[in-house]
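You will see subunit A twice below: alongside subunit B first, and alongside subunit C after that.
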Partner chain A sequence: MATIHLEQVGHSYGSAVYALEKTDILFEDGKTYALLGPSGCGKTTMLNVISGLLYPSDGRVIVGGKDVTRMPTAKRNIAQVFQFPVIYQSKTVYENLAFPLRCRGWDKARIAPRVAEIAELLGLTARLGQSARRLTADEKQLVSLGRGLVRNDVSALLMDEPLTVIDPHMKFDLRRRIKQASDKTRHTVVYVTHDQNEAMTFADEVLVMSAGRVVQRGTPQQLFESPCNRYVGNFIGSPGMNFLSVERDGDRLLWQGFPVFSDERVGRLAPGAELMVGIRPEHVAFAKDGVTGIPAVVQGVQHHGNVDVIDAVIGSERLKVKARSSLAVRDGPLRIVLPVERTRLYVDGTLLF
Partner chain B sequence: MSLVLNSVSLSRGGEIHLDDVSLRFDRGGLTTVLGRTLSGKTTLLRAIAGLQETDRGTLTRDGEPFGTLPAWKRDVAMVYQQFINYPHLSVFENVAFPLRKRKVAESEVGHRVRSVLDVVGLAAFGERKPSQLSGGQQQRVALARALVRKAGVLLLDEPLVNLDYKLREQLREEFRGLLASQADATVIYNTTEPAEAMMLGDRLVVMHEGRVLQAGVPTAVFDRPASALVARIVTDPPMTIVAGTLDGGRVLFEGGLALDAPGLLAAMPPGRYRFGIRANEIEPVDGGGIAGRVTFGEVSGSETFLHVETMLGEAVVQLEGVHRVEPGRQIGLSFAPERLFVFAAQGEGALLHAPGHGEG
Partner chain C sequence: MDQTGLRFYKSSFLLPGLLVLLAIILFPLVFTIRVSLSGWDAISPGLNWAGVRNYVIVFGDRRFWEAMLRLSGMAIGTVLVQYVLGFALALLVWREVLFRRFFRVLFLIPMMTTPVVMSVIWRTIFHESLGPANDFLGLFGLGPYPWLTSANWAVAAVMLVEIWQWTPFMFLLLLAGLLSLPREPFLAAAIDGAGPIRTFLNVTFPMLAPVSIGALIIRLIEASKIMETVYVLTSGGPGTATETAGYYIYIRGLRDFEIGYAAALSITYLVVMIVLMTVIAKLLVRVLVGRSA
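Here is the complex of A and B:
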C-alpha cells in the first residue's frame, strides 16, 4: 500500500486538446477515492496513467516515493478490476483466488487461510470449490475483485466501473460487499465511476471531473453541502441544488424582492458580479407561525414514497422543495424559509461561502 | 373503455409466470407495475402484446376479445430495457419505420416523425445514427418509435433502468409530458423502483411471483400496503419488520424490547403480530435508544441509508443529507410507536393497522 502522487500530470492523445489537463493530485495511503464524471471527462485517462496503461505526456507519477512514470503496468505492483470480470474460467473459485499468491511464491499453508479470509469477506465461501465458469456475472466480478484484494503487497487497487455489467437489481448487494471488503483490507483504492451513488457510497473522497479537469475534490458530505459550482450542485444529490438569481441591497441579498441572506461580505463584493444563492431542496423549510416567510405557489407534488418533491413558484422563479411525505402540503399556497446556514453564495458561478 | 385481464395464468417449463391475474387498465391513464425481478411483470406485458400465449383466462379490450388476436393486430407498442434501434438507419428513419411498414402516406410520415422527435427533444438529431447518440438519447429514439404509432396500448418495460442516474431523474420528470400526445392510450409501465412507480403512476399494481398482490392509487397503496410483503416491495429503503406480541398495553418485540402500545394498538386483541416501521420514521439518538451497530452506510441521491444491527434484527434508517458513518459505529435508535404498522404473524402478513397521517 502506498501514496500515489500525480505531479503536474497531464495527457493529450496527440491533439492540442488535453484529455486530462495538467494537475497535481495526491492520493493518500489507505484511503478510497472515486473519480466521478460522465464519459469523456478524463477519469479513465487518469486511472490509466496511474496503472501504467498510459504514459502521460506531461508530469511524473510517484507511487510510494518511487518515480514510476515510464514503468510498465506489470512492474507497478497494482491490482486492477475492470468492467468485465477477468478470471480463469477453467479453474475453481479457490484456485482463482490463490493464483496471485502462488505466483508470488507463497507456500500452501499461508495461502489457504488468506484465501479463506478473502472469500469470507466477499461472501464467496460456499462457492470456493465451484468452477468459475458456472458463476453468475456478479459472482465472477467478486472473484475478480478477490484476486486483487488477496494480495497484501499491492500499492493500490484500481477499479474501472466494476458494476457496469452487473444487473441493476444485483448492484446493491455487490456494492455492499465490495465496500465492506475494501473497508477491511484498507488498500489505497481509486475507483472510476459515472454513478453518483456508487462514488458517494464508496469513497472517503470524491474527485468530480468534467472536460479533463477535476472540478471539485472533497468528502461526499462536502460535495453535497458545499458544491463549488452549479455543475457539482446539479450533479450531486437528487433532485439537484436550487440556484436562485439574487440582487444585492447593501449587505443583503434579495430574491424576488425578499431578503434571503445578510452578511457584511456581501457589501464588499465587486459590483456587476452575477450573484446566485444555492439551496438544496431538502434544506428549504416551511415558515413556522410568527414568521412571514416567502409566499410560494405549489405547482405540482411528486410523491416518491418516504418523501415528496414539491414544485413551487415564487415570482418568476421556480424552486424544488423536498419534504417528508407525512408533513407535505398537498396543494395551495406555501410560505417558505431559506435557512441561512444552509444557503450558499455563488459569485460568477463559483462558491464564495 | 379499457383493457381487462380476467384470471390469466401462464406457466412455462413447470414455472409459474402469471398466476390467476385479474386486472383492469383504463384508457388515458398510466399504470405502473412494481415488482422485483421475476415477479411476472415482463411476462404480463408480453402476454398483452401477444408475444407469449396464455394458458388460461381472457383478455378483452373495450369488451372485445383481444387475447386471441395475433400480435400484429393488437395495436400495441412496446419499449424495452435495452435501447433497441436499427443501427444502420438514421434517427428519423428509426422513428419512421413503423409508419412505413404500415404504408402511411409519405407526407404524413414526415409530419408525424418530426412532431414526435420534437416531443422527445431530438428534433436536431434526425440525421444522426443511433450510435452517435448518448444512452439517454438512444432510449428517447426507441420511445419516439413507440409513440409515433399512436398505438392504443403502450407497454414500457423498465425503460429507464439502463440509464445514468441523472438522466433517469430527468426523464422521469419529463415522462408524463412525453406521453401527453397519447391521451387516449392505455399505458403500462414496469419498474422495480418504488419511487419511480409512485411518481409516474395514476394507478399502481404490485406483483410478486406472478401474482397481483395489490392495485390502487399509489399513495393509498403506500399508506396502507395490504401486507408486510407489499410494504417491503413498495418501500425503499426497505421497511424494518419485526415479530412480537401485543399484550394489553405493551408491545413485546422478539429480541426483548418492550414498549407501551399507543391507543389504537392497545385496543387490538392480544397475540403474535409483525410490526413494521419505515426507515424515515427511525431516528438516531444521542445516548439511550435501541442499541445498534452500523454494518453499512450507502448514499442514495440526497439521502443516507444506514443498515444497523440491533437486538430486533437488521433495521434500516434513512438520514436526510449525506453523512459518513463508519461501519462498526455504535448508535442508538428511536421511533414513535404511533408510527408502527401492524401485520398478521401468519403468511404474507395481512395489514391489521396502519398509522394515519395525523398520528405520531
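Here is the complex of A and C:
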C-alpha cells in the first residue's frame, strides 16, 4: 500500500509528440482511480510508466516515498492486470496463483493457505485443481488478478482495461468480484478504461484524459454534474451533455429568444466570448401545467429500456432529453424547462460556473 | 441456371487443381503400387504380374530394415539437435541485439546453399589427410579422425552436415513463432517476479509449443528423405554404415535396376512413415501441449 506520485512525468515515444504531457499527479493510498479516455489518449502510457514497463522521458515516479523512476518492474511491488487475460497455460489454477510466491522463494507450507485465501476471495476455490487453460475468459482474468493479490508486497494494483475482452453478460459479475476484492484488500488501484460506466461505478476518483493530458479529475458525480469543458461533457454521459449557444442580454442569457439563465456575473463577462449553456439530457424537464416553458418539437424517440432518449428541435438547435419511458413521449410539439440549478455556463468551451 | 448446372459450373473451377493433383501425386502413387506388384527388372522389363512376391521379400530384407532403423536414429537425432540449436539461436537474436538483422541472415545461409554443392564441400573438409577438419583439430592435439572411412565416424559426419544445413530452417520457424508472441505474458511474468529461466519454461516454451510441433514434424519428414548428403559424402559407406532407406531404394531401383522390388520397398517405406509420423505427431502434441489438447 502506498501513494503514487508522478512528479512532472511526461513521455514521448522516440521523437514523436508527447504521448503523455508533463504533469504532476498524486494517487492517494488505498483509493481507487480510473483513467478514462478514448484510445490513444495516453492512459496506457501512464499506466506503463507507473508499472515500470516504460521509463518516462521526463520526471520522476515516486511510489511510497521511494524514487522508482528507473527501477525495473519486478522490483516495484506492483501488480498489473492486462487487457487480455494472462495465465500460465501449462499450469493449474493453483499453480498459477502460487507462481509469484514461488518466484519469491516462499516455502510450500506458507503458499498453500495464502493461495486458498485469495481463491476464496475471488470465488475460484472450486477451480483450483483445474488446468488454467480450460477456464472461461472471465475466470482467466480473475486468475490474472489473483496472481497480483496473492503477493503480500503489492503496493499498487494496476488494471489495463481488464473487462474489454469479456463477454457482456459476464462483465457485470466480474466487475463486482474485482470491486469486492479490491475493496477488501485496500490497495491503491489505478484502473484504465475507455468505458465510462466502468470508470464511474468502479472508481473513487476519475481522471478524464485527452491527447496526453488529464483534462479533469474528480468524483464520478463531479464529472457528471460539472464537466470542466465541452470535451468532458460530451465524453461522460450517454448521450453527452447538451451544449446550447446563448446570447447575452444584460444579466440574462437567451437561448433561441427564451431566457435560460440569469446571474449578475453574466453582465461582467468580457464581450465577444463564445457563450454556451450546458445541461444534461437527464436534467431537462417537461413543463408542468401553469408553466410556460420553451416550445419544442420532438423529432424522434429512441427506446433504451425504461428510459427514452428524445431528440427535440427548438428553433435552429437540437436538444437531447432523457425521460422515463412511462411518459410515452411521441413525435410532435412539447414544452420543456431547463432547471437553472442544473445549467452550467461555458465561456469559450470552459466551465465558468 | 438450374441447380445441377450451377453445381457443375462451380465444380469445374476445381478442375485445374484436381488435374495437377492427379498428375503429380495420384498417378505416380497408383503406378508405383502397380509396379511393385510386377517383376520389372533389367532382364524382363515391363508390367507383368508377380503378385505380392516383392513384398514377401521386403519383409525378409535385413538390409532394408537396418537402413530404416538407421534412418530413424539419424532423423530423430539430427532433428532434436537442430531443434535445440535452432531454438537457442532464435532466442539469441529475438530481442533487441546489436547487428540483429545481420545475424538473422547469416544464420540462414546454410539452408540456402544447394545440398549437393554443400556436401561436396563438406567431403573436402572431412578428407582424412587433406581436409581442414583434421588440420584444425590437430592444432589442439586431436585426431586425425577417420571421418568418412570408419562406420561410427561416417554416421557422425553425415549427421553433422545435416545439422549444419537444416538448423537454419528450425531457427527460421522458431524465430517467426517468437516474433508473433504477444508481449503481455512476458510483462506479467516480469511482474510476477520470474527470472529468465522460469520465464522460458513457463511462458516462452509453452506458448511456442504449437510452432515447435509444426517445425519438428516438418523437419522429421524432410530428414526421413535424407539422400544427397549420404550420396555425396559417403555413398552409404563404409559398407552399409550410413545407408538410409532412401539411399537403399535408390541402389536397388536405379543401380541394380530392380524396378519392381524398389517400388515395393518405396510403398513399404511410405506406409511405415505415415504410421510413424502420425504416432510421433500425436505424441508430440501430448507431450508439448498437454493431455487436454
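Everything below uses one rule, namely that the second predicted complex is superposed on the first by the 337 of 353 C-alpha atoms of A that agree within 3 Å, B and C clash if a C-alpha of one lies under 4 Å from a C-alpha of the other, contacts with A are read in each partner's own complex, and residues count from 1 in each chain.
As a working rule, contacts are C-beta pairs under 8 Å (C-beta built on N, C-alpha and C of every residue); 3 or more make two chains touch, one makes a residue touch a chain.
Here the structure is a predicted model, which means the values were calculated and not measured.
**Student:** Could you tell me whether subunit B and subunit C fit or clash when both sit on subunit A in the superposition?
**Tutor:** Here subunit B and subunit C can both sit on subunit A without a clash.
**Student:** Quick check for you: in the superposed arrangement, does A:R133 touch first (subunit B), second (subunit C), both or neither?
**Tutor:** A:R133: touches subunit C, not subunit B.
**Student:** Pick one for A:K320: touches subunit B only (first), subunit C only (second), both, or neither.
**Tutor:** neither
**Student:** Between subunit B (first) and subunit C (second), which, if any, makes contact with A:R104: first, second, both or neither?
**Tutor:** second
**Student:** Between subunit B (first) and subunit C (second), which does A:P72 come into contact with in this model arrangement: first, second, both, or neither?
**Tutor:** The answer is second: A:P72 touches subunit C but not subunit B.
**Student:** For A:F84, using the defined touch cut-off, is the partner it touches subunit B, subunit C, both, or neither? Pick first, second, both or neither.
**Tutor:** In the superposition, A:F84 touches subunit C alone.
**Student:** Taking the superposition on A as described, I'd like to know which of subunit B and subunit C A:H304 touches: first, second, both or neither.
**Tutor:** first
**Student:** For subunit A, which side has the bigger count of touched residues, subunit B or subunit C?
**Tutor:** Of the two chains, more subunit A residues are contacted by B.
**Student:** A:R176 contacts which: subunit B (first), subunit C (second), both, neither?
**Tutor:** In the superposition, A:R176 contacts subunit B only.
**Student:** Once superposed, minimum distance in angstrom between C-alpha atoms of subunit B and those of subunit C?
**Tutor:** Scanning every C-alpha pair, the shortest subunit B to subunit C distance is 8 Å.
**Student:** Under the touch definition given earlier, write down the residues of subunit A that touch subunit C in their complex.
**Tutor:** 51, 53, 72-74, 78-80, 82-84, 86, 88-91, 99-100, 103-104, 131, 133-134, 144, 147-148
**Student:** Would you tell me which residues of subunit C are touching subunit A in their complex?
**Tutor:** Against subunit A, the touching part of subunit C is residues 182, 184-185, 187-188, 190-195, 198, 202-203, 206-207, 290, 292.
**Student:** Please give the residue numbers of subunit A that touch subunit B in the complex, ascending.
**Tutor:** Interface residues on the subunit A side: 38, 167-169, 172, 175-176, 179-180, 183, 194-197, 200-201, 219-221, 223-225, 234-235, 237-240, 280-282, 302-307, 322, 324, 326.
**Student:** Report the residues of subunit B in contact with subunit A in the complex, numbered from low to high.
**Tutor:** That would be residues 36-37, 161-162, 164-166, 169, 173, 192, 194-195, 198-199, 218-219, 222, 234-236, 278-280, 295-303, 307, 318, 320-324, 327, 357, 360 of subunit B.
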